[in-house]
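What follows is one structure encoded as structure tokens, with my remarks underneath.
Chain IDs A, B, C, D and E follow the sequence of writing; residue 1 opens each chain.
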Amino acid sequence: MTNSLLTIITFVPLVGALLTLLPWGKWLKLDKAGEERLIKNGAIAISLLPLGLALMLWSGYDQALGGFQFEINVPWVKAINVNYHMGVDGLSLPLIFLTTFLTVLGLWYSARVIKTRVREFFFLFLLLEMGMTGVFVSLDLVLFYVFWEVGLVPMYFLIGIWGQAKDRPQYSAIKFFLYTLAGSVFMLLAIVAIYFTTGTFDIVEAAKLKPFADSILLSGLAFWAFFIAFAIKVPSWPFHTWLPDAHTAAPTAGSVLLAGVLLKLGAYGILRIVLPIFPEAFKRYALIVVALGVISIVYGALVSLAQWDLKRLIAYSSVSHMGYVLLGVGAAAYAIGTPKWVDASAMALNGAAMQMFTHGISTGALFFLVGVIYERAHLRDLKMFGGFSSKLPYYYGLFAVTAFTSLGLPGLAGFWSELFVFRGAFDIVPIWAVIGVLGIVLTAAYILWKIIQYTFLGQYDAHKIAHWTDVETGAELHEPKDLAFFEKVTLWPLVAFMIFLGIYPAPLLNLFNTVFVRLMSGFAGK
Amino acid sequence: MQHVMFFLFAIITLGAAIMVVTTRNLLRSALWLILVFFGIAGIFVLLNAEFLAVVQILVYVGAIATLIIFAVMLTRQVMDPKQPRFNDQARVVAGFATLLFVVLAVIVTRVAWPVAIGAAPVDAIQQLGMDFVGPYAVPFEVASVLLVVAMIGAIIIAREHE
Amino acid sequence: MVPLWYYLVLAAALFCIGAFGALARKNAVGVLMGVELMLNAVNINLVAFWRYTTAAQLTGQLFAVFVITVAAAEAAVGLALFIAIYRQRNTVNVEEFDTMKG
Amino acid sequence: MDYIRDFFINFAHSWTTWISGGLPGWAVTVVNFLLGGLILVMMPVIATLALTWMERKVIGRIQNRLGPNRVGPWGIFQAIADAVKMLIKEDIIPDRADRPVFNLAPILIFVGAAMLWAVIPFGRRMIGQDLNIGALYVVAIGSITTVAVLMAGWASNNKFALIGAFRVVAQLLSYEIPMVLSIGVVVLVVGSMRMGTIVESQWVPFCLVLPVAFITYVLAAIAETGRAPFDLLEADSEIVAGYFVEYSGLKFGWFYIAEYGNLMAVSAITTTLFLGGWRGPFAGAAPVLGPLYFIIKTVLVIFVLMWIRGTLPRFRIDQMLAFAWKVLVPAALVNLLWVAAALKLPVPQAVQYAVMLVGNLAILGVTLTLLGQSAKQHAKRHGLAGA
Amino acid sequence: MKLADLTYLLPELILLLTAALIFLLDLIWFKRPAVSERRTEWLPYVALAGLGGAALGLLPSLGKTASVATVLTADPYGVFFKALAIMGVALVVLLAAPYLRGRTPYRGEFYALLLIVALAICLAVGATNLVMIYLAMEFLSITSYVLTGYLRNDRKSGEAALKYFLYGATASAVMLYGMSLLYGATGTVDLAGIAAAFQGKAQGTLAWLSMPAIILLMAGFGFKASLVPFHQWAPDTYEGAPTPVTAFLSTASKATGFAILMRVLLTSLGQADIARQWISLLVAISVLTMTLGNLTALRQTHIKRLLAYSSIAQAGYILIGVAAVLAGPGRTFTGINGVLIYLLAYLFTNVGAFTVVTAVETATGKVDIRDYAGLVQRSPWLAALLLVFLLSLAGIPPTGGFIGKFFVFGAAVQNQMWVLVAIAAVNSVIAAFYYLNIVRYIFFTPAEEGADRIPVALPFRVAVGVTAAVTILLGLAPSPLIAWATQSAQALLVALR
């Protein structure tokens, strides 16, 4: 049971997805609306299963023992030594939880707002969950790659089909796809190259064998092949241009998963594959990575500041926030082989990982919140907003908490991640860290000035927005109506997490810390 | 004598071949083609391949050239004498062909072919026959099937009514 | 005997003339005639090689016979095609076959 | 006596010896070439002169007429008179004819007719060139005729000429197949394509062993020469005169000569392949008899062909093609297979021949029965008499 | 020719006899028009039975290696391609059955000709003698010309056939010239004999020859495999040919080109110093082929034409495997096995894609990519499965196409042909763009007003189901195919050493 748990988590969504395709309406003699309702509720019910299992994983994970647990390792393609190798450790565990959790919320929310091509939507959403989970549990490079690509396809469709026509969804979808693919084909070549030097596709094995350690050229090539693939996904400047388009075009739940989980795939890949397998090459190029991270932070924040489209703004803020992850990882990589920096580097990594999780929660919530207002006003233009605090107090409250989390306000989850990243990075790459801090200031600027002020403060002008919609009935209204029940159900768990982790980040941090201390001290001991 | 005959046939063959590709009137091209075939039959005789020379006449002149002339005649309305003979790339192609000739000529004269002149077998035809039913039985059968299929195919394609 | 390379150069020349015809001719029948010249050049090669290198074995002649056979089959199908197309559109000029572009 | 036995060879030898007395070696070759060519060229001409007269006489008798009887005794110089008339006629070339091709066609067709004689054995070792591929050569030379006909039909720039040429080619190609198949049977039995060998191995004429092949060959040969009942190629009533309608004077003469040259050559080949050629009683002892036998047999064949021409009505083109493909080719193919199988029997040659004969007769019977049935059906369907 | 040879020739014999049977049935039994319409419906099943019989006929030669009738060989390599051809042609027969209905009254010969091309392929892939190779290739070509021009009333069909014919005839003449040079240099036409004659000589007396001969040979093989610059026939021919024939040309026929290419190069010209020459040539051709194919495909609006250019590009990828051939002992990526895997996966993928195209064309008569707008509403299954095929063509896992690319690119990585693989990688991204463009129309663009559901005939359903299932199955469980391909490739690699 324990070693098939990961398989079940990964493939339950696939089963669910396939189930949505069955002609239930015909079998159960339902009309179209009834069938759609069944599909929606069924999908949500099925998605609860991986969430529950993820919690089981978390509770069953022996933290004292550390390392990979719930492992399954059976041959898949014997001829080339590809194995069906899955396992979780302290790094992947929270991310799996995050994936399953956001999926449930996304499905729950979408069940209310998605009205066209329902069957396809829920099919693709569940498929997407499988792809993402699969990436987090894979410990074999080929398996990893397969899930990596599999996740690409449903997201492409989510953006392309349910995007708003004015956001050029088809263009955005294909851009998203091609960017990721362009990175990943080179990654595939690097994967094969690893196989030829080590004879294995196993991530753990390969990390032990350290391929290409003797060749600067080859290790550099392989490193960059992997790194660029992941940097595109993160996305790091200058590979980020697909992200604003994709985010803007995607439907709300799609954006949530895109920001909440898909971006983490890149960061996860760097932590799981690049760092352990190519430590020396990484160290060699660490400053470039740090620079990319810092540029992303500052650049993302500056561009955010210039946006008038709320969703686009949040999308750019993701570039900026994911920059922290790169900064942390880059700094840690720079510290490889320097014993005095072991603690600092572990701390930076902890911060980076923590940032991955909290960013997933907070940005996910932000995108939900954008969705909430968009469903009502059919606009995302900040110039048209203003004074919502009086009309939508509940909404304002949740938004504020989320925005402050994103900003890194102490007491909320985001604070810890930024703290650790900078705390670690200051020791190792002080100058870059200082520049990076600039990003925090800019973040404060766009969150407070752009979002809070333009949206919620000031005077509400009834003429700016032609009409409002009741999200539950679809009726036209003259006044905005505050959060509906389903929206509260969607948002509260996220907000609760932000607050909880803000106050008590230890459970998460401990998990990460075990992993990274072991990793970094392993390098130092070498 | 051999030299004289060779050059005679070579000049006939090449001259006629040039006429084949340059003559405006396609029917005349086809007739020049027949002359090429005869020239080559002569070459074959010089090379002691009498059987092949006769087959050359029989098949190339009797069948292929006839078919070509047939096709030319059946499509004769299109042979407008004012129409250009060549397509636009003719100059390029001519240059290419000349270059190709130079290259091929250099190659075939430079390569040390494993020349070992022996007497031509007297019973060549018997031997050919034995080869056709011996080691080359399968190609022989395939060739026969090929001819049948080509015939059926030609009928399928060119049949009058649908 | 005439040296081998006489024949080979003759064949090469014939081959190139044929290639020119095949590539430069506008009329499809003209192209086919070019191809026939090329095949004949090959036959000269085959027979000359046979005579000059391995006269005891008739491989070259056999090969040439097969080439001639195939040429006949090819011509039959090809000319049937010309006629079929000519019936459709009154032309056999290769350049006018431009229904499909891209 | 020995000189007489191989008269042809010995005479040729003496001749060569004689002229090489005053001439260099290469000139001897050239002279001999020219002489051989002259003989080849003369054969069709002689044939024409003799055969036109004979044909007109024979046909006349069949039609209950006298035939030519004014010029010379029994009208024997009629052919010469005709020839003179033809020579002095005006040579007209159509205005829009393709001149070089137009002029070349009659020459080529004559060359084709003449070249056939190179491999015909008049007597033992009395043969122009006993090629080891003689039988194949005969077939191959036929293709020159095809080309010449096409050239003539094309160059005349005349619809009827062109249609005639198409018909000729369709017919030539169709009947070439049964012809080759029946020659193939003979070659199979003899094991050689050398004409001399074919004659020498006929201790019994092959027409008695292989009647199907013989009949197929004769029928195909009639078609190849374009004679009645396969003469729709030049049927005056349908397409004026076929491919040579625009020719006149001497050029027409060439076609005329080629036609009769071919008739004679084909008969000679029939004699060679199926009637034992120059073989006959005492021919072994007195070789001079050989050519005599050969000529008698050939004339006999020619006579039969004329007889057929005088009796049978003309075929329609589709009937003609159908006859080749649906009757002659299958029959010849089955025959070929049967003979090939018979040759594999481990018995004396005479028994093999007997087996072949039995098979041949069976094929003949089946073919004729089927033909009769289909004729009856045809008649019934069209409400004709004879159903 | 021994009696034992006949057991190895069983597939060929069965195919020949079935083809003859169909010709005869069509000629005699189906003569009267009233009954022929109904009876002709049976012919595809006769053809399928024949193909099934041929597949069974492969059993005696499984795992054997033997010389057959002097000019052929029975080896696992040949069996692989024979099986591939039989499967491909069987699928094409399925496509042809509903496609031809209403397009031509003469359908019988079509199936017979399909069996004949299968026969030609079986002969071609087993040939070890230049004469036999030439003959079998021409056999395949000539039959293909007829199949391409089969629709007499269709202007495009005739034009396609004519172009195919003219290019094919020229290419084969060029190839033949190369063969004649090889014969002259070695005095033999047997592949092994040629290798023996070249042994140790390539540097000296024959140095002038090998490269020209290879280039000339490539014209013929490249023509069949539609490699640049011998590809120019492909777009027009693929567009104009009856769609099932296009499916055949782009898969089984192409595979044959590769099969012969590899056999000739490896068994007769596999010596290290000669191999170096053709490897560099193949690398150049490969780069040209995939780049040109992909860049041109970007501009296409006609789906058959697009798939044609895509097919050219795919040939470029496949060629990487040949260029990356490596025969070290115990290697799992030998290049050749990658080619075999790729070709088989590509067969099912591409035939699947063409099945969808054929089904849509049969129902609506439309072949523009624009006409695929909203296909997902008009026929969800066709749309979904076409997506699978397109993803496989693009090389997205878990599909057969991915496995193929994995092995082919892998072999190049192993040989450290970095530039080549980098170009290939960039190309596969470009390719994804135009594949996704089709996807975009199918899923994102709404259908035109009044566009009905598309009826899909049963044979199409079977074909599309089988191909999709195999495509995905190959991605999920590739082990059997890998094992099979590796073992089959070994037959050639033995010769290399």
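Going forward, a residue touches a chain if its C-beta (ideal position, glycine included) is under 8 Å from a C-beta of that chain, and two chains touch if they have at least 3 such contacts.
Every value quoted in this text rests on a predicted model; they were computed, and no experiment measured them.
Enquirer: Expressed in steps between touching chains, what is the minimal separation of subunit A and subunit B?
Expert: 2
Enquirer: Would you mind checking the shortest number of contact hops between subunit B and subunit E?
Expert: 1
Enquirer: If we look at subunit C and subunit D, which chains touch each of them?
Expert: B
Enquirer: When the mean CA coordinate of each chain is compared with the mean CA coordinate of the whole protein, which chain is closest?
Expert: Chain closest to the assembly's C-alpha mean: E.
Enquirer: Taking each chain's centre as the mean of its C-alpha atoms, which one ends up farthest from the centre of subunit E?
Expert: D
Enquirer: Would you indicate which pair of chains has the most C-beta pairs in contact?
Expert: B-C
Enquirer: Counting only C-alpha atoms to place each centre, which chain is farthest from subunit A?
Expert: With centres defined by C-alpha atoms, farthest from subunit A sits D.
Enquirer: Could you grab the centroid distance between subunit A and subunit E? Build each centroid from C-alpha atoms only and quote it in angstrom.
Expert: 43
Enquirer: Please compute the C-alpha centroid of subunit D, do the same for subunit E, then give the distance between them in whole Å.
Expert: 51
Enquirer: Where the CA atoms of subunit B average out and where those of subunit D average out, how many Å apart are those spots?
Expert: Once rounded, the distance between the two centres reads 28 Å.
Enquirer: Compute the distance, rounded to whole Å, between the mean C-alpha positions of subunit C and subunit E.
Expert: The answer is 26 Å.
Enquirer: Residue numbers in subunit D touching 2 or more other chains?
Expert: In subunit D, nothing touches at least two other chains.
Enquirer: Scan subunit B for residues touching two or more other chains and write them down.
Expert: Touching at least two other chains: 51, 55, 63, 70, 104, 108, 113-114, 136, 139, 143, 146, 149-150, 153-154, 157.
Enquirer: What are the residues of subunit A that contact at least two other chains?
Expert: Counting only residues that touch two or more other chains, subunit A contributes none.
Enquirer: Quick one: which chain pairs are touching?
Expert: Inter-chain contacts occur between A-E, B-C, B-D, B-E, C-E.
Enquirer: What part of subunit E is in contact with subunit B in the complex they form?
Expert: Contacts found on subunit E: 1, 9, 16, 23, 68-72, 104-106, 109, 113, 116, 119, 123, 129, 131-132, 135-136, 138-139, 142-143, 145-146, 149-150, 152-153, 158, 161, 181, 184-187, 197, 204-206, 208-209, 212.
Enquirer: Which of the residues in subunit E come into contact with subunit C in the complex?
Expert: Listed in rising order, the residues of subunit E that touch subunit C are 130-131, 134-135, 138, 142, 145-146, 149, 152, 155-156, 158-163, 165-166, 169-170, 173-174, 176-177, 179-181, 183-184, 187-189, 235-236, 239-240, 296, 299-302, 305.
Enquirer: Show which residues of subunit B lie in contact with subunit D when the two form their complex.
Expert: Touch residues, subunit B against subunit D: 25, 27-28, 31, 34, 50-51, 54-55, 57-58, 61-63, 65-66, 69-70, 73, 125.
Enquirer: Which residues of subunit E touch subunit A in the complex?
Expert: Listed in rising order, the residues of subunit E that touch subunit A are 332-333, 376, 391, 394-398, 402, 406, 409-410, 413-414, 418, 421-422, 425-426, 428-429, 432-433, 436-437, 440, 443-444, 478-479, 482-483, 486.
Enquirer: Please give the residue numbers of subunit C that touch subunit B in the complex, ascending.
Expert: 1-2, 4-21, 23-27, 29-30, 32-34, 36-37, 40, 43-44, 47-56, 58, 61-62, 64-66, 68-77, 79-84, 86, 90-95
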